[in-house]
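One chain, chain A, links the two complexes that follow: it is found with chain B in the first and with chain C in the second.
Now for the complex of A and B:
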């Protein structure tokens, strides 16, 4: 029974999402989405325990090597990711129950929950799949449901952002599909493990084809995961979406594609093959540029959500950077950063949503003195920002530390400067918000203490996310050892 | 009972947060703040006297994220210094800050900073120290911008950017070091087991990164300019920033790095200390020269601090027993001297609303006790025997001579002259200018302010006459190093 959990997870989410369609009452819709996500979260924990006890779990649906065969592969990375993703999604849902009415019209609320369920199902699908075509299908489902989530708000900017996103990610999907076709034509397989077996023995005969495949995968998945300089859709999409949706998009969706890239690079090919190709240096370069330019662009943003969105571009840079180092430890840090950033960024986005709701302004400059009006909320934001800046023990610091050590390990010491410069740049855009929020007489004048307080009930999910973030930092070495 | 050592760090932090939670009124808040610092002083003295050099692990996440405390003699002296001066400052601050009701936040950060500084003192390895070092920046920042004006915010931003820049350099150094040694504990003589014959440049890079990085907080030229800007802070804060909390934490971290992480033999082998000696000598001279030109009294003292910190850093770049001793002594003596000077200037600012040199004509007749204390402290700082400043400078000069480095004593003498040049005018203006004495009504500061000033001035004199107890303690620490 337990080995079926990956399948059951996806099944539960999809079945519930299609049941929600026929239900009219919002309360029941919310309840059902809660039940399904809670169930998936608990099952994921069981799955993790199972994987930790018995090692990697392979689930065959149909024949594994034939064209139609679907295989799920759940190693420690996948199991941990699915626990974290379902947890974050659960918190986002919890948050949305009290806030979603403020952002989207009442008639569309059930759509929101349908799409969220579908989105999580497809994300888990991409994580679990050990089959290229199956992954591709799930990628498409996730893109479409993400588009749906952005456009739910029905404003001009949302429609523009969605079209932009749709076009860009369709290009991405097309490139991925082409890459899959190439792989199939060379190896005759779609199963990642089978491809690996074939490719290890024969890749030298297809040097150019392998390079093309790698390029297509990198660019295709790079567009979807907003790797600099392919990120231009992200700030619009993530800043215009309803707050819970932006949190889900920034924290989870873009991460999945990058995880897919990890699978392609290191499981379908292997570390030995990959390091023969120039592609790793390019990935490293893209990551470095993302870390620096994402942060620089974030500094110039006037709107809070756009700033946080650009910060995501920078953080994706860290993940891609870790991949680009091309070692086992680099990949482990990349996956660790996926986890740490999922928790951090979702809490930051949810808090930004609260600020925007209470001040009814998107502008950063209207947040002056917010620390007096919403002290606890800004306090949580501060902890998240500390992680981004890299205060020890918080996940952001851990990622930077291990990334730097890996840089030394592979003999690329100057790259550490990029990591450190990026964390200094993070200071420049996160700290002004905190400083102007808490300090400065001109900022605090006329503000009434706790006048915009948020009920504890609504803050609870953010609290839990921040606690999870601290725990992820505190137990970092155990997590990284798993990968 | 190892957990006992956590109390000096946690008590002020908890008391600080309790101010935020309970929002006590003026009297209760004063009671909490005063009793916390005094009780904490007692606990620190307990630790100093009773604790042997045992370590206490707070959390051990893996081989590098291993936070623990280990009080050795060096740390104990620093912790005792911090907690003693904090008690004086609390009394002073309560009078200086006035009865303004919304000062709970100020005193919260005030107390938290004490806990964090003691955390730096007691840290057992570099990563613990780095954690508290970052926290120190964050907890002192609200104190610097306490006035909340645009100028204060600008100064605060400068402080923050400089500090984080320094911390980033430090982190870079730590990462490089950790990749080589896998060990960041403080061990007398350093963690590097054998001389880095194959790659001295790599260790040179580590040393320079760490020295310049920690040097930002220690106001090493060219990273000093945040310190004069940070003078917008209220006087109790600037005196603490200067005398103990921030700049001395920088110095303390430098000392830990030099003698307990890299080890002076390794540094001498790489030759890095020679480069740093040049910067340190520039710091000494430049601080003094700039101080002479300052009209604003607080700024004058700020530049004086930069110069005096250079003296202390001499003990970190000249590897001689006497230099170490002199530098360490000067760290303590400068703390007590500079805090006295700041308190006096602050008293003038608070009661007479005068900040510039030409404004204070005749103030010595109005506030004779205050200005007398100022005079005593000035004489100490200039280093006229048998004051305490003389003792430390003497050892520093000897250390330079032992290394056959004749430029050090020359610069020390020159700078002593300059010190006189920027301090004596304050005294002469205060006592010998303005209206004759019988026209001026004496009005001294409130006792809350006056008593700390007088006691601290007396402490300076006493330390000058009887420095032996401290010298013995430092010699014990030094004996493990040389």
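Now for the complex of A and C:
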């Protein structure tokens, strides 16, 4: 029974999302989505315990051989990721119960929960699946449900952002499908483990084809995960979506595609094959560029949510940078950064949603003196920003620290300068909000202490996310050892 | 030249892919962009299916039980592409629906004009 959990997780979410369609009452809809997500979260914890005790879990669906059926592969990385993703989604849902009415019209509230369930199901599918074509189908489902979440708000910008996102990600998935066609034509398999066996023995005969496959996967998944030069859809899409949706999009959706890239590069090919090709240097270059330019563009933003969205581009740079180092420890840090950033970015987006709701302005300059009006909320924002900048113990610091260590390990010491420069740039756009919020006499003039206070009940999910963030930072060495 | 004639399916697929990509990139009309996406998808389907085709073999539909598996082409790519077509149709339908919404808001489906409208406001 316990080895069926990955399958049951996806099944629960999809069944509940299609049951919600026929329910009219919003209260029941919210309750059902809560129940299904809670169940999936608890099952994921069981799955993690199972994987930690008994090692990697392989689940064959349909046929008992991996040759014909679809296979799920759950190693420690996948198990931890699924726990973190379901936890973040649960917190986002909890947050949405009190705030979703403010942002989208009443007739569309049940759609939000349908799409969130469908989105989580497809994200978990991409994480678990060990079959290339199955992953492709899950990727498409997640893209369409993410588009649906953006358009829920039904404003001009949302429609434009959605069309941009849809067109860009259709190109991305087209390239991924083309890459799958190439892989199938040179190996005759779709199962990632079987492909690996064939390709290790015969890749030297297909040098060009392997290079094309690597390029197509990198660009295709890179578009979808907003790696630097291909990120143009992200700021519009993530800043115009309803707050809980943009938290989910920025924290979870773009991460999954990068995780798929990790699977393709290191599990389908292997570290030895990959390092023979130029593609790793290109990935490293894209990551470094993303770290620098994503932060630079964030500095010039005038809207809070846009700034946080551009910060996502920079943080994707760190993940891609870790992959590009091409070592086991680099990948482990990339996965660690996926986890740390998922928790941090979702809390930052939820808090910016609260700021926008209370000040009824999207602009950063209207946040002056907010620290006197909402001290606790800005405090939570500060902890998240500290993690982004890299203050010790918090996850952002730990991934930067280990990335630098790995740079020294592979003998690329100058790259540490890029990490440092990116951290300093992060300071430049996060700290003004905090400093202008708490300090400065002209900022605090005329503001009343705790006048825009938010009830503890609404702030609870953000609290839990921040606590999870600190825990992830505190137990980082154990987590990284798992991968 | 011989290489092209021998692999004409693949060459045709790549040319089609190029046509679709250029249509997508160069036109600012949304409908044409969506058509471009469709041409790209079709090119990929052609490429994938040609990978499973074996010259002189039949489509894998069993009518006579006496025939063995050697008489049929590889059915896996065709089956995969059925799913691929479903995905492409869904995306197209969604994109066209969005285009209608965009037209209602902006009274045009031309992306450049929409950008202009945004700058003016």
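The definition used in the following text is that the second predicted complex is superposed on the first by the 478 of 483 C-alpha atoms of A that agree within 3 Å, B and C clash if a C-alpha of one lies under 4 Å from a C-alpha of the other, contacts with A are read in each partner's own complex, and residues count from 1 in each chain.
The rule we apply is simple: contacts are C-beta pairs under 8 Å (C-beta built on N, C-alpha and C of every residue); 3 or more make two chains touch, one makes a residue touch a chain.
All values reported here derive from a predicted model rather than from experimental measurement.
Colleague: Check the contacts made with chain A and report whether chain B or chain C touches more of its residues.
Modeller: Counted on chain A, the partner with more touching residues turns out to be B.
Colleague: Who does A:140 touch here: chain B (first), chain C (second), both, or neither?
Modeller: A:140 contacts chain C only, not chain B.
Colleague: With both complexes superposed on chain A, which partner does A:171 reach: first (chain B), second (chain C), both or neither?
Modeller: After superposing on A, A:171 lies in contact with chain C but is clear of chain B.
Colleague: Give one of first, second, both or neither to describe whether A:365 is in contact with chain B, with chain C, with both, or with none.
Modeller: neither
Colleague: Give one of first, second, both or neither to describe whether A:405 is in contact with chain B, with chain C, with both, or with none.
Modeller: first
Colleague: Check whether A:156 is in contact with chain B, with chain C, with both or with neither, and answer first, second, both or neither.
Modeller: Touch status of A:156: second partner only.
Colleague: Which partner chains sit in contact with A:281 here, chain B, chain C, both or neither? Use first/second/both/neither.
Modeller: neither
Colleague: Have a look at where A:197 lands relative to chain B and chain C in the superposition and call it first, second, both or neither.
Modeller: Neither partner.
Colleague: State the interface residues of chain C toward chain A in the complex, per the touch definition above.
Modeller: 17, 21, 24, 30, 33, 37, 40-41, 44, 47-48, 51, 76-77, 80, 83-84, 87, 90-91, 94-95, 98-99, 101-102, 105-106, 114
Colleague: Which bits of chain A are touching chain B when the two form their complex?
Modeller: By the definition above, chain A touches chain B via 389-393, 398, 400-401, 404-405, 408-409, 413, 416-417, 420, 423-424, 427-428, 431, 435, 438-444, 474-477.
Colleague: What residues of chain A sit close enough to touch chain C in their complex?
Modeller: Checking each residue of chain A against chain C gives 133, 137, 140, 144, 147, 151, 156, 159-160, 162-163, 166-167, 170-171, 173-174, 177-178, 180-181, 184-185, 190.
Colleague: Can you list the chain B residues touching chain A in their complex?
Modeller: 59, 61-62, 64-65, 127, 130-131, 134-135, 138, 141-142, 145, 147-150, 152-153, 156-157, 160-161, 164-165, 168, 171-172, 175-176, 178-179
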